[in-house]
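Each of the next two complexes has subunit A plus one more chain, namely subunit B in the first and subunit C in the second.
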Partner chain A sequence: MAVTAKPGRKIGGTVLRWVVLVVLGFYFVLPLVAMGEFSTRGINNTRSLDSWTGIFSDPDLVDAILTSVELAVLSSVLMLVLLVPTMAWIRLRLPKLGRLVEFLCLLPLTIPAIVLVVGMAPLYAWVNYFLGDSPLTLTFVYAVLVLPFAYRAIDAGLASIDLKTLAEAARSLGASWGTVLWRIVVPNIRTALIGASLLSVALVLGEFTIASLLNFETLQVQVNLIGKRNAGLSIAVSLACLVFAFVLLFLLSYVGQRRRVTVVED
Partner chain B sequence: MGYLELKGLRKSFGGQPALDGLDLDLSEGELVSLLGPSGCGKTTALRIVAGFETADTGHVVVAGKDITAVPANRRDMGMVFQAYSLFPNMTAAQNIEFGLRLRKASGPERAKRVDELLELVGLGEFGARYPHQMSGGQQQRVALARALAIQPRVLLLDEPLSALDAKVRVSLRDEIRRIQTELGMTTLFVTHDQEEALAVSDRVGVMSQGKLEQLDSPAVVYREPASAFVAQFVGVTNAVLGKAASGAVRLGTFTLPTDAAAELADGSDVKVIVRPEDIGIVEHKGESNGSLLGSVLTQSFLGPVTRLVVRLDGDEQLVRVDQPSNLAAAYPPGTAVALDFNASRFLVVPA
Partner chain C sequence: MVAPVTTSTGGGAAKAATPSRGGGRSGPSTLLAWLVVVPFLAYVGTFLVYPTILVLAGAFQDSDGGFTLSNLTDLMKGVYLQAFWRSIELSAITALLGAVFGALLSWAVATGNPQGLLRRVVVAAAGVLAQFGGVPLAFAFLATVGFQGFVTQFLRDSLGIDLFAGSAWIFDLPGLTLVYTFFQIPLMVIVFLPALDGLRPQWREATESLGGSAWTYWRHVGGPILFSPFLGAVLLLFANAFSAYATAAALVSQGSPIVPLQIRGFLTGEVLLGQENLGKALGLGMVVVVGVAMGIYALLQRRVSKWQ
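Coming up: the complex of A and B.
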């Protein structure tokens, strides 16, 4: 007799799924709803958007937002410039070094931020001496911080194409290594690069410890400061940040969808 | 002097020799195949010509110019790979014009050339397709067009048909040969498929363990193999064990006179290498008369010929004999037969 799924079991599975979804959804969404509720509280039990409009009328906060956005973009760019040629080159010419580079790239994940800062502080004394004390110098440490996530994303991208054959095909047609990288590698791992960049942006926008300990005024540092005098405003900014990160992650999963593969018979 | 010359190429990977002093000359417009089992060094040789590997010693010369030290992107070699070499982010037309763009050809010139090449490989309508929208055979045609677009000095084919199914393989192989002849393109073709090599080449180079065993026209390689390896790698062959005996080879009670045995010590073990179609067969009745006797074990119908497996009397070796299918019916399994090597070609080598 053929084995068929019992209807009862099937319904049980569906119910379980919904229970899990509702419980976990509640767990995740409740704080966000609470933040939304709190940040729109007015005087005498009215609703007010003062905290939200206040985001743009606080010059320090606007500066911090701009700084963080600049940092996010610069860190992503620096990460891509460092990582993409290195990883492509290692796959093509120095596969034996692959393990070492992977280890180095994953290292920042294992080192607590506070330890990083202790190591970085003397280094930053020099950075500030040579490059000035602009918060944008945080780019260097952030580019290191995003390595583990970016490495994983780019590695998956490179693994999904036949890099060696494509590079050799391009070489035989007359392409320099730069052309191979720019015209062949980058367009074919575009999705992975966007993924790596979005992860980096989300990470940099949320980073507090290092910026605070090195005394730079980034978004999270400002949010922390504001929280001490205007809770509504700090909650509004935090929520805006979270929503922005969610939108980024949503975009990430959207662009991450693989191109549909069409198989054509001869 | 050849158009493409490989001179004394040696290459080893981690102490393991892949090429052991390879010399090869191709005349202009010639298609030479390198044929051999995997690991024989044929692909390494091709990759050295392309500039993807560097030879430990030796030189690659094209039209009298030593290009050993020239990087791959300045060699003007058109290469077709096994599979999946089309740039996935570009259409067929963009793939083909890639090399032309790098050579700064003008827009109209590129468009004209792309159209010509798509036409040449029979894909006139496919210019706007992306690789994933094409079949394996179509992709390889585009890859060929792309390699030809740069008007290469030499065309290098690295098992371009091995990932395709049998039918497409044969039709594309004939097409490659047609295009190659039409354009007079000097071509080095690497394959492990002997049928492919014999079918399309001007000359076939059979390689083993990093060395060229024989380099000759397909007919000569097939009819007059230079070594037991070549005989056994190219085509179907028998290796009948026997003993050398003063200017002859003894196979059981049968004596096969041959000059080749003169150089071999009497009583030493030898192999007689002979193709199934080179063995005569007659039905045998009555007493042994000193000929090579056996009985038919099985018959397999292969279309124009039928292959008989004959078990020799005495040492029970199995010998394959091809007979035209209309004649093979005379030898059903169990028939006692006498085999005849005398009129045919065979090779005697130490066992």
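Coming up: the complex of A and C.
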């Protein structure tokens, strides 16, 4: 700071800052420690890793994990296919539609998943009639659920490049719209697309509401089910989920770094 | 879960495309231009708008499909009204708790290095808990203060305190309130951190060079600027808690103290004859409450972004 404040005051702020960090840090770390402790309990006050090795020896759980991973990938791909061409096109040719698309994409924020699933139940009777009752059909709902997250990431990406000039330059050199999309738009907003995909993956891996009420066995549904008979195993998987999502988002903070506006403080 | 996403990109979205008429051609190509958007609109129409309408319209239908208001009048009494009040109470309390502690945490993080490890860790952890917590949070809660939880055992064995002396409170509103703070405080950090980043150090310096204290600064500069974002965040947290389902569902397997769990009851078959559409009416009620909160939030956001 340019002007030095009275030293006592600054120290007061620093102390308060550390008190807040330590107290809330403790509040949030305690459950993680508790999960670690609980999931390594053995018989008669011993320590054991049975809960953790149990993750891989429970066939239902392994199936559910694979299902969820497949869903995460499929939903991310479907989301990108739906959003990227539409959003780029709207910026280039149909700016009037921008508000409508934004409204539709953010709509899932106003409609709780538990409400959406009430309307999904009859719709899924049809989906399962035509496509079979594979849990992978959840892709259709999940692509909708990730819309707000993905929309904001991709929108910020598109706003940060001069799309119109780039597209016109490519067009004047004879590129088709497909080429513009695939070789101009996609590479230029690569980081935004990675960001949108990571968020979608994290959301799908953590989704419970819709899967459980449409009776599909995904990761979170299994975790909840197992919890009724083997708390240690469920807690181990839960801890693994939280840590995995944390790693994804932590990586994401580096992915987006290039475009972050640096705030110069001092 | 309701959650605004602040991905890493700073204020980039603010200067969104200003429509220029440069490449706009008219005639048949305009029609073709619209065709490109059709798949997206058709998809969202089928998998988002249609099910939503199904719920909202169903709230006004009896079991034969005729128009009725009886579903809605049923909401206004008995267990359903109680569930709504409990949901609102739970959401309001956790929104306030989350807003206060989340704002403090945001402040503690914002005063540090914006590229530092502390901030990265807090923001990533907040993102996980706020948006993707769900079922794992319920198990984290059970591992901590459940009947055999870490803290429960510690208190019982070392200090002789029985956490469950009163009742099985963790499976009721007090427990839900506690576990909800684990995603409400982090959500506040995500929502409120950008507002704190918007405070310019120069304002602080100007206050100090004019002889103002830290109190003067927060009372007359920082406080008023942050008031609207804070209020907006409280509304957003309220909507978030109100629509949350997974954590409560994993924790409370018997009984339905709050609205989302009431809806679960209707979906899993505990339905009385002639009340099939009551679940949809509950859904309509939730959409209205969340819609009002999010609507005011959007208005506040607009006011904030005007001069930031």
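FYI, the second predicted complex is superposed on the first by the 255 of 266 C-alpha atoms of A that agree within 3 Å, B and C clash if a C-alpha of one lies under 4 Å from a C-alpha of the other, contacts with A are read in each partner's own complex, and residues count from 1 in each chain.
Here is the rule we go by: contacts are C-beta pairs under 8 Å (C-beta built on N, C-alpha and C of every residue); 3 or more make two chains touch, one makes a residue touch a chain.
On a predicted model such as this, the values are computed, not experimentally measured, just so you know.
More residues of subunit A are in touch with C than with the other of subunit B and subunit C. Contact with subunit C, but none with subunit B, is seen for A:Gln220 once the two complexes are overlaid on the shared chain. Of the two partner chains, neither subunit B nor subunit C is touched by A:Ile11.
Once the two complexes are overlaid on the shared chain, A:Val141 sits against subunit C while remaining clear of subunit B. Using the contact criterion defined above for the overlaid structures, shared-chain residue A:Lys96 touches subunit C, although it does not reach subunit B.
Looking at the shared chain after the overlay, A:Leu131 reaches neither subunit B nor subunit C. Of the two partner chains, subunit B is the only one that A:Leu166 touches; subunit C does not reach it. Within the superposed three-chain model, A:Leu66 lies out of touch with both subunit B and subunit C [touch as defined at top]. Of the two partner chains, subunit C is the only one touched by A:Leu252; subunit B is not. Looking at the shared chain after the overlay, A:Ser176 reaches subunit B, while subunit C stays out of its contact range.
When the two complexes are superposed on chain A, the residues of subunit A that touch both subunit B and subunit C are 168, 259, 261-262, 265-266. If you check the complex, the residues on subunit A that touch subunit C are 1-3, 5, 9, 12-13, 17-18, 20-21, 24, 28, 30-35, 37-39, 82-83, 85-86, 89-98, 101, 104-105, 107-123, 140-141, 143-144, 147-149, 152-153, 155-160, 163-164, 167-168, 192, 195-196, 199, 202-203, 205-209, 212-213, 220, 223-224, 227-228, 231, 234-235, 237-239, 241-242, 245-246, 249-250, 252-253, 255-257, 259-263, 265-266. Residues 161-162, 165-166, 168-176, 179, 183-184, 187-188, 190, 259, 261-262, 264-266 of subunit A are the ones touching subunit B in the complex. Those residues of subunit B that touch subunit A in the shared complex are 50-52, 71-79, 81-82, 84-89, 98-99, 102-103, 132-138, 143, 146-147, 150, 156, 164-165, 167-168. Of all the residues in subunit C, the ones that touch subunit A in their complex are 1-13, 15-17, 19-20, 22-24, 33-34, 36-37, 39-41, 43-44, 46-55, 58, 101, 104-105, 107-108, 111, 114-115, 118, 120-121, 123-125, 127-129, 131-144, 146, 148-151, 182, 185, 197, 201, 204-205, 208-209, 213-214, 239, 242-243, 245-246, 249-250, 253, 260, 263-264, 266-268, 279-280, 283, 286-287, 290-291, 294.
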